Each structure stands twice: as C-alpha cells, then as structure tokens.
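Here the structure comes first, spelled out in structure tokens, and everything after it is commentary.
The first chain written gets the first letter, and so on, giving A, B, C, D, E and F; residue counts start at 1 in each chain.
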Amino acid sequence: MPNENSTAKPVDSLVVARFSGISTFMRLPYVPDGHGVEIGVVGVPFDFPTNRGGTRHGPSQVREMSRLIRRYPSSGGESPFDQCAVADMGDAPFNPLNPQSAVEDTSAFFAELAGRGITPVACGGDHAVSYFVLRGIVRDGPIGFVQFDAHPDTSEELYGDRYNHGTLLTRGVQEGLIDPKRTVSIGLRGTRFSRQDRDFNVEHGMRVIDFDEFEKLGRDGVIAEIRRVVGDGPCYITFDIDALDSAFVPGTGSPEPGGLTMRDAQVVLRGLAGLNVVGADMCEVSPPLDPQGITALNGANLLFELLCITAPAVSRRRSK
Amino acid sequence: MPNENSTAKPVDSLVVARFSGISTFMRLPYVPDGHGVEIGVVGVPFDFPTNRGGTRHGPSQVREMSRLIRRYPSSGGESPFDQCAVADMGDAPFNPLNPQSAVEDTSAFFAELAGRGITPVACGGDHAVSYFVLRGIVRDGPIGFVQFDAHPDTSEELYGDRYNHGTLLTRGVQEGLIDPKRTVSIGLRGTRFSRQDRDFNVEHGMRVIDFDEFEKLGRDGVIAEIRRVVGDGPCYITFDIDALDSAFVPGTGSPEPGGLTMRDAQVVLRGLAGLNVVGADMCEVSPPLDPQGITALNGANLLFELLCITAPAVSRRRSK
Amino acid sequence: MPNENSTAKPVDSLVVARFSGISTFMRLPYVPDGHGVEIGVVGVPFDFPTNRGGTRHGPSQVREMSRLIRRYPSSGGESPFDQCAVADMGDAPFNPLNPQSAVEDTSAFFAELAGRGITPVACGGDHAVSYFVLRGIVRDGPIGFVQFDAHPDTSEELYGDRYNHGTLLTRGVQEGLIDPKRTVSIGLRGTRFSRQDRDFNVEHGMRVIDFDEFEKLGRDGVIAEIRRVVGDGPCYITFDIDALDSAFVPGTGSPEPGGLTMRDAQVVLRGLAGLNVVGADMCEVSPPLDPQGITALNGANLLFELLCITAPAVSRRRSK
Amino acid sequence: MPNENSTAKPVDSLVVARFSGISTFMRLPYVPDGHGVEIGVVGVPFDFPTNRGGTRHGPSQVREMSRLIRRYPSSGGESPFDQCAVADMGDAPFNPLNPQSAVEDTSAFFAELAGRGITPVACGGDHAVSYFVLRGIVRDGPIGFVQFDAHPDTSEELYGDRYNHGTLLTRGVQEGLIDPKRTVSIGLRGTRFSRQDRDFNVEHGMRVIDFDEFEKLGRDGVIAEIRRVVGDGPCYITFDIDALDSAFVPGTGSPEPGGLTMRDAQVVLRGLAGLNVVGADMCEVSPPLDPQGITALNGANLLFELLCITAPAVSRRRSK
Amino acid sequence: MPNENSTAKPVDSLVVARFSGISTFMRLPYVPDGHGVEIGVVGVPFDFPTNRGGTRHGPSQVREMSRLIRRYPSSGGESPFDQCAVADMGDAPFNPLNPQSAVEDTSAFFAELAGRGITPVACGGDHAVSYFVLRGIVRDGPIGFVQFDAHPDTSEELYGDRYNHGTLLTRGVQEGLIDPKRTVSIGLRGTRFSRQDRDFNVEHGMRVIDFDEFEKLGRDGVIAEIRRVVGDGPCYITFDIDALDSAFVPGTGSPEPGGLTMRDAQVVLRGLAGLNVVGADMCEVSPPLDPQGITALNGANLLFELLCITAPAVSRRRSK
Amino acid sequence: MPNENSTAKPVDSLVVARFSGISTFMRLPYVPDGHGVEIGVVGVPFDFPTNRGGTRHGPSQVREMSRLIRRYPSSGGESPFDQCAVADMGDAPFNPLNPQSAVEDTSAFFAELAGRGITPVACGGDHAVSYFVLRGIVRDGPIGFVQFDAHPDTSEELYGDRYNHGTLLTRGVQEGLIDPKRTVSIGLRGTRFSRQDRDFNVEHGMRVIDFDEFEKLGRDGVIAEIRRVVGDGPCYITFDIDALDSAFVPGTGSPEPGGLTMRDAQVVLRGLAGLNVVGADMCEVSPPLDPQGITALNGANLLFELLCITAPAVSRRRSK
C-alpha cells in the first residue's frame, strides 16, 4: 500500500540551493505535531555536565551540516523518502536544569510517538539519549540493541547518579528495555576506568566486538555477527559518534584514537539492511568542540544511513 | 486596533532552553506563506564571487546565534513582538548561478510581500541584497535611505557588472528607488579604490558622515543629522556589518579597522526610533570567516534593533 | 608586621621561560592544603547546562593564559605577592552530576578557608560560583557586593531551579549573604527576558549602573558611586566576564555587545583600591568557545587586578 | 638533450628557511610570462557560488602550504625540477563576476600556453577549472581523462547553467575534449541527487571505479585498470580533493566521508608514472573552511605528485 | 620632479580580483633586486623562542591580508604609489638557527639598501627587527625614534642574551643608533617584570606616553607631543602590534588588554605626516595565533599608514 | 617486591571530575623533586626556530588533554601505576635563548635523574629533546633506539647548526649514545631534501622501515623486525608525532600525509611490551597549530602507551 504522505521529501538541492532555507534535517518538512509522519527525526539536546560537553547543541549543528546530504543513498538504491513519510519533528522538550524530570519528559515524548505509530530516529545530545528513547518506545519486553561506541556505558552509576551516558546499558538491561542476549557492542577500545569496566557485559551475556576483534573479523564478519546476535526481532541501533577514530570526530566529549573509520561505519551499517529496526539514534556530536563542523557532517551522514535501514523496516511493518 | 496575530512570539527562553528547537530568527514562528504576518524576517542568502565571500551562509548562522537574544529590548520598553505580528518567513528563492535572474526573482518576492502589506526586515547575503529589497518594495517614488557602511557602494559598475554590492546606491538612485537628498551614509572610511570613490555621493547631494565626522559630531549629533536628512517620509535602513570596526566583525568580506563599536551602532539605531521605516536589512555576515560566530551574534543583535525601530512604524501605519 | 610566607612568589618569567612548568595561576606555588596561605586562588569548575556552557574548563585555561602576566601591576606599584602570601590552592571539590550537593560541597570548602583565615579569590565556572563562595565566607551578616555583569542575575528561579547563575543575587539577598543597600551592579545591558528583569533590584534598593549610566557618569563617576554605595564595610567583588563587550570576550556563554572595554574594567577596578575586600571572583570564561584563549587572557588579567585590590585589604586586616 | 632552463629550482629549504620569501608554489621561480618554462604551475582562482565556496582562495593557500614540500620525491628518485624547467606562472586572468567570459578568458590563457609548448599543472579553484584547461589545451581530438573525485560531475546542467563544476565531464565529452572510452573516474561515492546520477557515465562507456570497487580491486588493481583504460595516448589527470575522505579534507565544499586516504592517493598516483600526461590539475581546496591549512597541505602534496608524473612525460616528449 | 618609476603600482583590485595573483604586499611588483625602487617593503621573518612565537610567519600572512587594502588613503589624498617607486623586495636573508649571524646578516642587508638610497618599510618578525634595521640604516649619528608598543623593550638583557625583542631600545641607545632625547614610546601599559621596568627610559630622558597619559592627552595631544619630541630631524617609526588592545590583536606573542584601538593608531599615525621618516616597521604579528587573520589585517593596514607617512618624506628628500 | 610508592596514582576520574584540578600528566602527583619516583614524566619545552614551531607549548597542552586518559590500558591489563611509582616531575629547566646551554642544562637534568634511578618518559618540545635525554641517561655505551618518525633526522647539520631536531641520530651515533646496529626507524616517508637523505642510515647499518615497507610487512611483521633489531639490551623509544599521517596530527611542525594511523601506532607499541626500555619520549606536538587539541590528545595517548611499556621494564629491573 503506498504511503499517502510520500510527497514529503527533503528540499531538492538541484532546485533550491543548499545554503537556502530553514535548517531542518536534510531540509525535510518541519512537522512538529507529527501529523502523517511515519519516521520522525527528533533532536534531543540533552547533555550532562560530566566533562567536555556541548552536545546539547548537537541537533542544531547536525541539521545545518545535513544540508550537504543528497536524497538518494550511495548505492543508487531507493531513497528512504520514497519508502516512508519522514519529517523533522524538532526537539523533544525537557527542563535542562532538572535531569530527573528530563528523563521523564523525554521518555513521555517518545512514548507518545510510539503510541501514534511514529518510529523515532533521534539525534543527541549525549548518550543518555538512547535510554530516554528506549524508555519511551519499549512496550512489549526487551528488544535487541546494536551499539556502536568506544565505551561500554555499563557502569552501575557515575558520581552516584544512575541515569546518564555512562549507565545507559546497565539501566536498559535492569529495567527490561534491552535484551542482553540480543545486544552487541561494536568498537569498544581505549583506556579503562578499572579492570572491571566490561564485567557487566560479560555477566549478562552481551556480545562485545572490541576494536581488536573488529579488525580480526573484518567488516563482513562483524556484519554477520551482529545479524546473528540480533536476529529477526525488534531492535534498536545507537551510534555514539566516538565509535569513530578521534581523527574523524574531533568534536566529541570523549574522543578515542584507534577506532572505526567512517568507511568502516558506512559499510557495516549498510550491511544491517533488513534488521527489524524500531528506533535508532546518533549521539555525542559537540559543536563547540567542532568549529569546522566535520564531526557534525559525519554525524549527519550516519543519521542518513540509519534512516536508510529504518525506512524499509517501517515499510515492511506497514505492509503486514 | 490590536493585532490579531500578536500571539506570534519568539519561543520564551525561560520556558524552552535556548539550544532547543529549529533555528528561526529568535525562534520566531516559521511562516513561509506569510499568512497573518506584518513584519517578515527574510533571509536572502545571495553573494557575488568578488573576493572573500560566504555571506550566502549568513542567514543560517544569524538565525542560530539569534537564540541568544531575549524578547524585550535593552531599554526595558515594549517588545516589537507585542506591537506587531512578526514571523520568520524563511529565505527568498533565487537561482544562485544566475545573478541576473536572482535580481528578478528576489525583487519579485519582496514585491509580493509589499503587495500583501508585509514589511520586510531582511538578512543578507551581501550588500546587493538591499537593492533587491528596494526594487521589490518601492512603488511610489524614491524613498529615504539610511546606510551604515564602511564603503560608499556608489561605483558605476564592478568588473563590468552593474548589479552588485558595490553599485547598490548607484542603481538605487538611477532607478528612482532611493532619494539621494534623503540619503545618509554613516561610517565610511578605509582605503579607497581611487580619488573618485565618493564623487557620486557628492554629485547627487547624498549626505556622507564618514567616521572622522562621526567622531566630531558624536552619537547625538549623528542621530540628529540622520533625522534631519531623512525626515518624516518613508525610509529604508541598511546596516552593512562592516560599518563596525573589524575587531567586532572578523567574519565579513571586507573588514575595515577604525570604525563603529557595537555600542555606537546600538545607541545611534535606538536614536532613530520614530522614523517611518518601510523596510530594513543587515548584510555581509560571512560564517566561514567567523567560526566562533561573534560576527553573526552582532548581526543578530542589530537585526533585533532594526525590528525595534520597524515595529512601531508598522504599528503607526496600521493605526492610520 | 611582615608576612613570613612572603617568599611565595610566582615563578619569575625573567628566570624561567613563560611556557615552562606546571600551570598554576601565574605559576604561583601550588598549595592544595593552604598551609601558610593568606589569599587562596581557587578554581570552581562548575557550570549548569542552561545554554552555551563549558565554563567548567575555565580555571584550567585561565591558569594557562595567566603565564603571560608579570608580577608587578601596571602602575609600577607594589606587587600583591610582596604584600601577602598568595598561592594557587587548586580547585574546590564537588560532584558535577549533583548540583544540590555541589552547592553544599563548595560552600563547605570556602567556609573552611574562611575559618582558617584564608581569603578566597575564585575563578569560575559559571556565575553561580559567587553564591557558593558567599555561602562559605559570610558569617557575620550580609556584606557589600560589587557586581560587574551584563545581566542582573536576580531571577527568582530558572526552569524551576533556585540555585544557579541567574538567581545569584536573589538567593544572596534572601539568605542574608548580600546587603542589598550596599550592592552595586555595573554594566547591565542587553535584551531582557521580560519587563520585570530588574524589579528585584529596584525593590531591594540595589544600585544599578547600567551601561547607559556608565557612559553618563564616566569611569571616575562610576568609581565614586561604587565607593559611596559600598562604603568601608566588608565587601565582595565579582566580575562576570560578560560585563565586557562581546568583542573582548567571544568565549563566554551569554556574550552581550555594547559593554565595557577591558580598559574600562581596568580603570574602574584600580579605582576600587582601599575597599575592604573579603573575597572576589571572576566567572564565565568558557574555553571551548574561545580557541585562541583571548577571553581567558582577559579573565586572567582581571583576576590579577582583583588580587591587587584584595592583597592590601588582607594586609590591612592582618595589621590590625 | 639537457634542458637549458634546468637551473630553475625551488628555493632550497636547507639554505633559505621555509618561512622566508614570497609564496610561489614550492618557492619556485615566479615567471609570469612563461619565458623558458616547460611546465607552468598556474592558479585558477575561480569558484561558482553554488554552496560552500571559497576555492577562489585555494591557489594562494596551496602555495603557502607548499613551503613544507622538499624538492625530491619520497622514493628518493629524480626530482621533477631536474627533468624539466618548472615555474610558477601566477594565476590565469578572468573576470570573477562574469562566468561566461571567465570560461573564455581562462581557456584562451591555457590555449596560449599550449601554443608555446608549456604544459600546465593547474591549481583550482573549483572543478570547473579542469574544463577551462581542457578547452585551452585540447587541439587534436579528445584525450584520455583520469578523474579522482567523490562525485561524477556528469550533470547535464546545474540550476540551468551549463558550464560549472557539476557538468565538467558532460561538456568535455560533448565538445570532443574528453574521450569517454579513455576516461576513468576513481573514488565516486556518497549520497546522490537522483538514481540517474551516473547514467551519463554508463551511456558513454566511461569507466567508473567507485569506492566500493576501489576497495575490491585494491590499489594495484586500480592502477592497472587506470593504465588499461587510458593507454598510451595523451591524457589529463584531475584530482578533486574531495576524492579523499572528509577527515583528510575538512576544507572543501562538498566533503564526503568514506573515501581515499592520502596514502591511497599517493600510491595510486605514483603508479601512474609513464602515462603520457599533457596536463593536470588539483581542485576544490577552500581555505576559509580550512583555517589550519591541512587540506591545502594535502592539495600541495598532490600537486607535487602530479608534477612528478608530468615532468617525465614532458621530458619524453621533448626527447622525441 | 616626477619619479620615473611611478608606474610601479599595486595591482588594481578593480581590474584583477583581490584573490588573484602572487602574494606581495598589496600586490606590489616583486623586485627582489631593488632596481629602481625608492621604498622597499621588506619582510624580516625573524623570531626568538622566548614564549608564544610564530612571528616568523608574519610577513607571509601580512602580505596575504594586504590584498584587502586599496591604493588610496582613507583621506582621499594622494596615494604613496603616486609619490614614490614602491616595491615588495621579499624577505631579508638570514640563518634562522644562529641569532648572532642573523643580526649581522639582516643589518648588512639594510645597510646595502641604505647605501643604494632605498628607504625600508619593514615587516617583522619580532621586535628585534627594528634593531636590525636601525643597525643597517643609521650612518650619521643617532636618529629620532617613535615607538608604539605595550612594553618598553628597555631590558639590559633577556635570559643573558643582549640582542632580542626585549632589549631593542637599550642596544639602540647604547650603540648610538637611537637618540634618547628624540625618542617617544606610546601606549606602554600592562603588568611589569619589576618596579625597574622603565628606569632605563627615565635615566636616558626618553619620553614615555603610557596609556594612562595617552587618554589624558587625547589623540591630538599625543600627536603634538610626538612631533615636539622628534622634531624635524631624521626619525624611525616602529609599530609593535601589541600597542593595540588585545581585542584587536589576538595573534601576537604578548597581548595586553587595555590599549590603543585601531582608530587611535590610525588617527595618531595620520597626525605624523611631515615627519622626516627614514625607515619604519610593523612587528609582532603571529599567524599561528591568528587563524582568522584579523591581526595580520590590522598589521597590513598599519604598514600602509606607515607607507603614507614615509612616501612624502622620501619625495621631499628627493626634491632637495 | 612491592613498590612502596605504589599509592601514587592519577586522580580517579570516577571520583574527581576530569575538568577539575591542576594539569599534570593524567593528573598524576606533581613531584618536582622526584622523591620516591621510579618513572618521571618530564616536559622539555624546547623548540628551535626552524619553521612552524610552537612545540615549546607541547608539554602544557599534552598535560591538559591527558585528563581524558583513564588509568588502565585498553587491554584491561595491569595499570602502569600499579607497577611503578610514577609522577609528573614538571619541566626540565633551561635557557630558551641559548640553545647551546639548553643542551647542557637539560642533559644534566636527565643525568641527575639517571643517577637517582629515575627512568624518564619525556614530552617534547621538538625532536632535539631525544638527544638531550640520551646525553643524560646513556652511561655504559650506546643503547638500542626505536624511532617512530616521518623523517630520518640524520643530517650532518642544519643551517650550520649541529644540535637540533634534524641531527638527532647523527649526533647520537657519533657520540656513542645510540647503537646504529640496534636502531630501527619506522614510518619514514615524504619528500626529501636531497637524494642523500638516508645515506647516513645506510652507512651505519641502521634499519629503516619506511612506510612502503611498513605496509608490506604489516603490523605484526614490523613488531617482529623491531624486536629482532633491538634485542634484549637497553633501549630508548622515541615517538615523533609526525610519524602519524597528517590527518591525525594537524598540529605539528612538519606534517606528512600518508603515514601511520593512531591504530597502527597503538598496535605496534603494544607489541613492544617486554623490551628493556630505559627511557622514552613523545615529541613535536605544537599547540598553536592545534587549536582543538586533537594532536595533543594523540600525543597524550602515545605517552601513556610508552608508560605501559616502560613500567614493566622498570619493575623487572627493580626485581633483579
């Protein structure tokens, strides 16, 4: 069944110059009320004051740099905008001075989206954002979780705080949002706080493909392993931009050298086509640390790759 | 008569954090069709490839930096948003590869606005933008013209081209858009192409307050002189950001040291309250030359000052 | 009576090159336990996630840029290091993820300093830092308060939060730390959240010298007025770096054009010699927004000016 | 036969410090009239105002960064300056405000060079520059064309304009300058305007090695394929700097992640030694987007690699 | 008597776009051998490794930014290029790793210029450059000296070294190059190494107009005082860019807040017309600390102002 | 035998936020007198004025960026801080204006360390620093030398100077500090001053693994070859940051494209575990050329990798 909203397309750069017009993601229609939307691109400009911050400005700069992205994927295949009604829904609302209510407010926002059948592709903000989205959209038991990241984010708490970018997977598993057996973390590396940094992952049977193993498996092997772990059930994909080598992402809070190239990321993400994606996000772009915008450009491209995986999944679910 | 659209206000930074939401000017409502709008903030992302360019990205960055501006003026007086229905109407459309059609397209856009009773406050783009707006809005004979600028912009042509940022006043006068006797240029200074640089101004009886005279008159004297020259008739105000000393505007194409401070600009603009403003613009902010955004911040503040002069003029005209 | 610790001096740049050695403020001795210290330079790397942040990195960059400052004041007069035992005591400890406990922790730190007779010269962090220090050091009733700032910081609350950079004076007055009759705020300007922005100041009889009045009074008039309001009693001086025109401080969260020059600030601060200063701070330098460090350089110079006022006050109190 | 002008060498960095002297390419002699020159390094500071521009400043910054390059190639082999008389001939002249005459003027300039037996190695400017050079130097039927690029540049027109960086190959083929059967485009990737983006290439039998195939073939396979397609006839090599992964070239108008590394480029270019090169260029370095100059540094190094391929070709033709 | 070389003019920006062509100062002819030159603009890319360096790259960036300067002065008066034969002579040669021989080599270079009747307008490099020039050009006893600077540069030595940017005036006076009674230092301010920082000036009867006095005298008073001290005899003018407030010159080694504005500098320099200038320089622009080039732009403008004073002096001497 | 000083650890980022506290390397204890220290991290802020400099500011910025490094290695293995007493000893003292005495002073400093049994891990400064350290610590005949670098540093002299970053290995071999047969240089590449650039290496039997061979051998092959050449005897490891591809290190004086990735460096360095390291350094980070600090971040990570190799070597020597 064709989608009646399929006329909602990004502005065509061959008709209106890229520098022109209001900054929405890829200059998509701005539909804050979500009317007729199947996939909502949503900013979540939230960041905790732990160290080098500024990701609260991420959605704005990612939108700006996304002007450079064209509507069709690199493969020459179908555009996600031909498959689904996609719109920029603006930013999720919350109180920046009250992290506790921010958790509630943003979760409620995504729950409402889920209730209306809108699949979110979110743009952080810091990595706590994934938890916010999951809390909103997971209704029928834990889902699969594909995490690109330099860090495990499996602390029990951080400075005594339980809801933040370092405890994302811990809370997700403990609260029944994430299925640890269907979770895979790709790209982990870098110095560790302690020798226990990955114990939580091991104890819960979560699959970790650290960067040493990433190189051993090769991109095809990584793709196969992700698909094996996650299977056909509903899953969520999160891309913490620091999964990339720090040379590609100077503008993030905790840059780690020795990681994925953008090419690695692109190839692996394209290999995930067909997963039953029910939500996705890209996080941790910090504009104040990225005056030339190259980190945001990579983030915008990754958001588009996530859209290219999510759109057919939404289309398939619609057809059922 | 109260304005029925007066509920159209910028997002309140005390309710929604400044970093949140789509970038419109001061986070005003985005009303591309102009329905119910009295003052339309319009971007004109046009720049000629003469030297250090990039002002085509100006509207986008000025919108971004305008998040920092609050709704009430420094004086504590009435907000322009309480006086008029103001909206961000997005960018004027044109073909970036055809300067000739760009002149026509943008002029037509502003002519349509004028026809619908919408007063434009434009954001360049380079200084040719003023000419585009004037061509659109001037219908009943030449109007007064208040120009803040380091350069006279009174060349006959530039590299053989007749419509550009260097010929703005020449064309404006020759085509009956600008009344030279009601024109005043404030802040001129800097090295000159030739000893004839200001001959056009002299020949047509245009008032020039170069920066030497600016200092002699003092701000109050400058204000009085502008008011004297322009009088009560309809007038247009243009602020080329390079009127400011280059220390305030590193991000512009032709920065000139030794000019106005932002304080000078603010005080003089506030002194122009009561002029019968029928349009205004701020031009020449170039984001690629301004990675920290300080030029755009100044530009955004000046746009707000222009709004504060324009809104009561619109209100007065509505009341007649 | 000479001070036995007076041998504690900054590293002499004529002996050890400025780029050499650990970054303490002006390369002062690093004395974290405060032993023998009379004036403690203390970093308070605290910032709230309200908008453009990053002042948590302020103390580190201010220390780095302070390498450029020489030991003797511009006047050629006595060095503060000849008058008192000054040391860099490092940063006040607190939990960055718990603003509530941060208030308690930092206040307790400064209270301990006060109990040991150490006068603090603090480096923010955001402007909430002044409140933290005041809570620690005020013991015998409200004190005088000299505030250089673009913004009044007299909100009742911000996003429902009562302790932050926007409520500094409100809480200070309400909790009996600041004497509103001996308070003077210099440099206020810029757009306002509402027409009520300065009502608190008026209601409590606090003296506001906004920038319009600053220019009318002239620097000498401003100095005289500050001295008149504050009188001889104990007082605190806080310098929010955004009191300066934004051209001087690109690297701050809420830059406001049209304000003080560094020269204005230097002359007025030098005119405050003789005040009975019991604490001082400089706040709101944000390194991520200031890649060339020019804001931090100004901040470091202002901290030195504050030291030059504080040292003789400490010396006078010691002599009594 | 030795070349009588072979004494024309870059300034030796072991004799005159690199930071010293006028900026010519590698501090070569500046010979604007081309007297005695066999290979002329020529800047073409032309860019169209389509989106992120600024490549008009490319030649100047590439010259500046080329101070870092030494006279002998990495291999330790012969220097191009020992093989040919190479000089910096300055910039091709044209009217920046008239794209139509710019095409004519620059083409005429290169035609004159060709007439005098000077082989051009050009530095853009945007990628339209290749077309300008080809129009000038191709006299005896279409030549082979080796294109390193992220984008095919095979649009029929752009915003209605037929001569620009997006139509380079279309015009080149249509006007008999480029032999499509002897054309190979290396490194194509990234999102597409439409599903027809590469139809022109296919229809005309042009060989495309997109980045997917680049990785499959490996560098040696790519070299072999380029040599097979181009053969022994005269050919032109153009390197659009955005062929490189965006991490290597933040300072270009349309950066694309997921592309060649500089190592890839160096190895493949070195593998092209022996081709019958009759002209070459490197384009799309934009200094305003590259404040640290790292893009220009890569561009300068690539220009030197092009010189190392071109010099022996010139030498061989001279010997015939 | 007309000057036969008066055809040597900067490239006209109305004919050849500013971004085009090799970077010489204002795109003047490049005449390394000085043939027919009356005023030679000469770079001296020398800097000592004392603290924040990089001024060795100053001449190159000042040349680049000088593209923005037009040929006629702000006053509309005669162009220096109509009065004298001015050329860019490139950089003075020296060994960067041997400060001792650098002194000799550069002095010899300027001595040769002087011997041939060429008046130098030099561009540093650090402030030691003034000493190098003076050593070369002073032949008939000490000359007058006009110094714009934040620092006195009257140390006896620095880290045991006698020839550097901190000992310029000391050596100049001791070696009979500078007449202390005809010396005036304008703009001194900032923290001091010791209370003896200005003793040398006092002891030798050198006139110091520190910034406190600068404000008291006003610009006209300063001009009058400079003219009184220097008189009609031959004199040298040096402008250390840090005389300007640090907001105008982020890119210098020892930025000092609270100094001259560019306007102050322009007005005072223009007031020095008629002095018998036999040489001049502008120093201490450091490009690595100035990625946006705004410091170099100011430096280039000041060099032009120096040219405007020097050219009539040369013309007058020619006419005698 | 356990080390009694093993309580000396970096500040734990899980307890004290990373942005807090004085900048020492990884926030290690600052122990300038070296009491109880086994491995001293020492800054050597020395750089010669040859071209793009600024590495004198390297130690300070590397310390600042090292806040991001956690205490345990990527492998999850033992922390170097559990194996040895490590401290930041500040910077080696020397006179920046006298290169000759700087050689003596720094060498003496490291000799004293060696005499007290403290193993140095140094942070440059430019690459001459390795020579300074070697002169201090080599007592019993030449030692093995592992050099990561783009350039051979085997000139006989540079501009007539014998002790600098270009003559490091020449002097080291000639003075019996470095054993050429146990020397291996990894990563050499880039344009050459002359065809003789590597003759010294060949003549003395030094092993060169240039980047072409690096790729051929692969990382494991490189590791094996380094271990074969160096053997079990005492050795020194130096990492010139320009061994990395310039995309990873924009902030260095002589960036060379086409080199190691950070991943290459990490894997190879980790493969050197077990070498008998008696000293190590990382050099050539230049903060003025690296405003976002990404070069310094890589340098800090490499210093940590060097610590991870050095600590077990020190531990093994202690146990004997």
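Throughout what follows, contacts are C-beta pairs under 8 Å (C-beta built on N, C-alpha and C of every residue); 3 or more make two chains touch, one makes a residue touch a chain.
In this text, all values refer to a predicted model and were calculated from it rather than measured experimentally.
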Selected pair, greater C-beta contact count between A-F and C-F: A-F
Interface numbering overlap (same over half, different under half) for chain B and chain C: different
Most distant chain from chain D by Cα centroid: C
Separation of mean Cα positions, chain D and chain B [Å, integer]: 41
Euclidean distance of C-alpha centroids - chain B vs chain F, Å: 56
Two or more partner chains touched - positions in chain D: 17, 19, 50-52, 56-57, 96, 158-159, 247, 289, 291-292
Interchain pairs in contact, sorted by label: A-B, A-C, A-D, A-F, B-C, B-D, B-E, C-E, C-F, D-E, D-F, E-F
Residue ranges of chain B touching chain C (in the complex, touch as defined): 12-14, 17-19, 67-74, 76-77, 247-248, 261-263, 266, 292, 294, 297-298, 301, 304
Touching residues (chain side chain F, partner chain D) in the complex: 50-52, 158-159, 189-195, 197-198, 211, 215, 245-247, 250-251, 254-255, 257-259, 289-291
Complex interface listing, chain C residues touching chain F: 16-17, 19-24, 30, 43, 45, 56-57, 60, 63-64, 88, 90-91, 93, 96, 291-292
List of chain F residues in touch with chain E within their complex: 47-54, 56-57, 95-99, 158-161, 164, 286, 288-289, 291
